[in-house]
Amino acid sequence: MSGADPIWLYRTVRLIRRFEERAIELVRSGDIVGGIHPYLGQEGIAAGVCAALRPDDVVAGTHRGHGHVLAKGADPGQMMAELCGRVTGLNRGRGGSMHAADFAAGVLGANAIVGAGGAIVTGAVWARRRRGEDLVGVSFLGDGAVNEGMLLEAFNLAALWRVPVLFVCENNGYATTMPVADAVAGSISARAEAFGIRASTVDGQDPAAVHATTAAALARMRADGGPEFLEARTFRFDAHHTFEHAVRLDYRSPEEVARGRSRDPVRIAGSRLPAAERAAIDADVEAVLEAAVAQALAAAEPDPATALEYLYASGLTARTGGG
Amino acid sequence: MSGADPIWLYRTVRLIRRFEERAIELVRSGDIVGGIHPYLGQEGIAAGVCAALRPDDVVAGTHRGHGHVLAKGADPGQMMAELCGRVTGLNRGRGGSMHAADFAAGVLGANAIVGAGGAIVTGAVWARRRRGEDLVGVSFLGDGAVNEGMLLEAFNLAALWRVPVLFVCENNGYATTMPVADAVAGSISARAEAFGIRASTVDGQDPAAVHATTAAALARMRADGGPEFLEARTFRFDAHHTFEHAVRLDYRSPEEVARGRSRDPVRIAGSRLPAAERAAIDADVEAVLEAAVAQALAAAEPDPATALEYLYASGLTARTGGG
Amino acid sequence: MPRLSYRKALNRALADELARDEEVFLLGEDIRVAASAVTAGLLKRFGPERVRDTPLSEQAFTSFATGAALVGARPVVEFQIPALLFLVFEQIVNHAHKFPLMTGGQCAVPVTYLVPGSGSRTGWAGQHSDHPYSLFAHAGVTTVVPATPADAYGLLVSAIRCDDPVVVFAPAAAMELRAEVSDPVPVPLGRGRVHRTGDDVTVVAVGHLVHDALAVADELAGEVSVEVFDPRTLYPFDWDGLLGSVARTGRLVVVDDSNRSCGIAGEVIATVVEQVRLQAPPRRVTRPDGAVLPFAPVLDRAVQPGRELLRHAIAHVSKDG
Amino acid sequence: MPRLSYRKALNRALADELARDEEVFLLGEDIRVAASAVTAGLLKRFGPERVRDTPLSEQAFTSFATGAALVGARPVVEFQIPALLFLVFEQIVNHAHKFPLMTGGQCAVPVTYLVPGSGSRTGWAGQHSDHPYSLFAHAGVTTVVPATPADAYGLLVSAIRCDDPVVVFAPAAAMELRAEVSDPVPVPLGRGRVHRTGDDVTVVAVGHLVHDALAVADELAGEVSVEVFDPRTLYPFDWDGLLGSVARTGRLVVVDDSNRSCGIAGEVIATVVEQVRLQAPPRRVTRPDGAVLPFAPVLDRAVQPGRELLRHAIAHVSKDG
């Protein structure tokens, strides 16, 4: 990943944007079962943060995790196949949207439990550093997650043990339908600062700004070893989850949505490139996704006889459910 | 309770002190099974805080809970009977040291799980205020508890919903053998302040100072309804738990213990009374405890046939373990 | 007769109890806008003090409910995902459940924990598809799994009125059911229901699987006469009701959507064979041991107990003897 | 032969594995000073990087262990109280257990959770006296309950070497046992042990109750020939071993210190009767349903399965038929 490279940043936000749009189509067509939590509007954060990472660094994502997985370098075709539940998927069709993982790319997994990733990535970074590797980790989390005790405990461990994890809070103003102001007493940054963790704030809609702030934090972290916190202010352009396309939930006014959508990370990153370059990237991204979707849909579904495969790493075989 | 009355304060710290010393004797004699977490040295906190409470206010205690229960007004005889597992005990012998409760006196219970009381007392206060009662609550907690996610979540609820709970952190420097500095990143007060909760600090060895600081906090809380936090610096004079009398754990130097014991809340409170008055109180406390111990030891043990009594408030009868 | 959906039945039970008793209030995530639809209309009718949206602080709000219950309130706590019960297992089992005995009867903890959409919600995968009712039956917390709209209403009402904590699992696979229900009434906890009488074999089915059991019983009607017993409450279990049925049929199959080992199906078999001599070895159809639901729909389905396996079990039990 | 205490056996297993494999490290509360004695001497020998005292942040340090394991470490997490497993139930069951399947085999989670002093520690009362092994057997997490010093050593070693999460319950009532053990060796997970052969009835006993079963078997030696089977691992259970025993004796009693409903005793009975025709109805001796251990010692004891009830169950099973 070439750092602040505006081409990489634009390509990445564009890739995530179009990936999500294609995925939503596949939800509509029934090829993706169970729906997704679209990352639309928040692409600048995954792109900006991951632009500052090295391949050996690790990230833990969230339920709204596609952007993190893609920006960290997972293959879009395997990712799409995973969403479609195919054997060629990143997780061989066993994980789906909320558990997509790519250990080879340093993605410890999206995670369906809010607030769970922080301690996991802290442990992973600590264990690898004990072996002499000098990686860092990123824990992505939503504004809702800062109310989870398990995450606050993870802040404590990372700070005490000086584990270099960047906790990136994607503050999109809501936990599902719960406004931040109704859910977070005090402030988001103060939650980290209470543990002696340095906190920064950044405009999450500007991928270059996210990158710059992240890079500065990572430089400090790589130098002295402790965790940091980054609050990226953002806006979720679409539904909390695609089920909201069918069931209207009343919590954001049309005006608020229009205002939020007016600051578009894809447009902001694109405006920094010449139109021709942008068009070339767009075309390339379309081709990548066209192939991704085609490959995903062409791939085999898993054999039901293998439903319990991978249940135990030790090779233990579970008793089946009888009959 | 007569507020800052130095007589009440001295009597209370002295009562707790001697109660604990008698209880330790009963642990040694085998009349109290399982041991206790002595409150020795920390008496000034329970006394000073409870002096500022009204009878209808509620408190939730800790594993080191005898002081809270006594200072809030539970009968020492019933409390001692509870520690001895007798039917005349506060909990009819079902709870013991770590679960002693006296709902009539506003004691929701000592609690064997560190960090658990905060949310419970918050809910209790909220529910009673919804009925128009204007009580407040106190959640006692140790320095170790501020590392428990569930407690930090409780800070959030109390602050968001403006429930008047005073979180009183008895910072005795250790969680069992773990020094605060090794366990608490940032600072203890900052943990509460992060949630917008006002925090004060007080010398926990001076019952009058604890009372004054508590009274000021409660006045603000009764006026505007939100929670507050109070860190009381203190020192545990004896073992974490009486098992330490048998098994030596190496974590505090003799010098540190001597230094800590030099500031004794009983002596401090006592120095504020004329010697004769102090002696009269001492004699009275001795008499109360003599009677408490005698009554406890004379009381019946529960009938094993009633082992499952009170298991279900609904009257449900559990299947027994067979045979 | 008016048709009532399962989801609406839960909604109506909440509304009726909120209206009947000022001490009832609701806590949960996104319940104001009624993301699960179970709380639809309640904010408007009862206001934000009694329909309280919570931050994502499950442990604290579960114990907040305990505290409120200790002083006489009757909270109903909605959980969006069955796995959230894992997150608050300590708060329910070690606190809410234990308070009455530990305090020697000084208090009660009448809290209802409601999971609308338990079990597999196809496509929600590993961490959102558990059916952990057997865990609560082990802990001894009253546990109900209504199969029908009428029972959804009646058991939820009884749960709210119960002086002990009660966990209500509303299986995702039952949430869209509809049935003719004129005037729903409370259903006593701890009482099973024979949905269909039969002479040859008793099938105990839990939650949504009651409907599968009934379908299979209908299919097999010519060959074997199946009695379908729905315990409705898993703890306390209606042992008398079940033993009466099995004493007549002499044969037993249990179908249940939780993991096999130490699940409710095993408990049913154990308790029955301790007391009744069966004419053939009993069988159970469950999730596998240690099941984790894989994402791909074909795999997700393969891990759940289905009609095919149930037919097989019935055939086996009927033949043997 | 040298005598080895159960507690020392655990200590030695930890020391041996720390010495053998750099990836092994310990996490827990007060383990540096070895409050439980199980980690005695290890700080000095292996240093604070590998013997890590944690703050009271059980959820985070449990998931910290998961994360470390995901990248190849082999953490052992000590819990001071069995109920702390309730507090981290989500982290173990919903994360550590599920990671391999959910990721399609991309990882393993070799974590050992060690509870030295599970079950009743007389006088510690309601919240410190649970024996929640059946919960983990239900979840499908490998669960061991060693009964003897040799097994404590051997099973803990195997747990640490296992590529899946393993919960090790060391019953408080077994911690002070001593036995002659010359050279302790690994004991395979999932393999039971016949402690005493017999012809008339198989008694399955878990953990410290193995010793009660042996004592009762000795007492009854003149009247009934009792075989004592110790599963050692509750999940995965050694069904072949047990079925072999029961096929010979034709009679079954199970004694186990967890709650009755959905406990391991019920599972044993269910699995056996699905496959073996017994000569008499089986029996189990357990804690009551929903047990909460009251404080007073006489009550605490009354709630635990004891020899009297076991004798009664054996008598009943032997007579019937």
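Labels for the chains are A, B, C and D, by order of writing; each one numbers its residues from 1.
By definition in this document, a contact is a pair of C-beta atoms (placed from the backbone, for glycine too) under 8 Å apart; a residue touches a chain by one contact, two chains touch by 3 or more.
Just so we're clear, the structure is a prediction, and the values are computed from it rather than from any experiment.
Colleague: In this assembly, which chains make contact with chain A and also with chain D?
Modeller: Touches both chain A and chain D: B, C.
Colleague: Everything stays put except that chain A is ignored; which chain groups still touch one another?
Modeller: Result with chain A masked: one piece.
Colleague: Which chain's centre, taken as the mean of its Cα atoms, is farthest from the centre of chain B?
Modeller: A
Colleague: Can you compute the centre-to-centre distance for chain B and chain D, using the mean CA position of each chain? Integer Å is fine.
Modeller: 35
Colleague: Calculate how many whole Å lie between the centre of chain A and the centre of chain B, each centre taken as the average of the chain's C-alpha atoms.
Modeller: So the centre of chain A lies 45 Å away from the centre of chain B.
Colleague: Roughly how far is chain B from chain C, centre to centre by C-alpha average, rounded to an integer in Å?
Modeller: Taking the mean C-alpha position of each chain, the two centres sit 39 Å apart.
Colleague: If I count partner chains per residue in chain A, which residues reach a count of at least 2?
Modeller: 91, 93-95, 99, 113, 147-150, 153, 156, 160, 182-184, 308, 311-312, 318, 322
Colleague: If you look at chain D, which of its residues touch at least two other chains?
Modeller: 55, 57-60, 83, 87, 90, 94, 101-102, 125-127, 140, 236, 261, 274, 283-284, 289-292, 294-295
Colleague: Taking touching chains as linked, do they make an open path (line), a single closed cycle (ring), a hub with spokes (star), an all-linked set (complete), or other?
Modeller: Topology of the interface graph: complete, with all chain pairs in contact.
Colleague: Spell out the residues on chain B that touch chain A in their complex, using ranges where they run on.
Modeller: 147-153, 155-156, 159-160, 182-187, 190-191, 193-197
Colleague: Spell out the residues on chain B that touch chain C in their complex, using ranges where they run on.
Modeller: Touching chain C from chain B are residues 58, 89-95, 99, 101-103, 108-109, 113, 116, 118-128, 130, 149-150, 153-154, 156-157, 160, 308-316, 318, 322.
Colleague: Inside the complex, what are the residues of chain D that reach chain A?
Modeller: Those in contact with chain A are residues 25, 49, 54-55, 57-73, 75, 90-91, 94-95, 99-110, 140, 142, 162-164, 190, 236, 274.
Colleague: Touching residues of chain D toward chain B in the complex: what are they?
Modeller: By the definition above, chain D touches chain B via 29-30, 32-35, 37, 53, 55-60, 81, 83, 87, 121-128, 260-261, 283-292, 294-299, 301-305, 308-310, 312-313.
Colleague: How about chain C: which of its residues touch chain D in the complex?
Modeller: Answer in residue numbers: 83, 86-87, 89-90, 93-94, 97-98, 101-102, 125-127, 130, 134-135, 137-141, 235-237, 258-259, 261-267, 269-271, 273-275, 277, 281-284, 289-292, 294-295.
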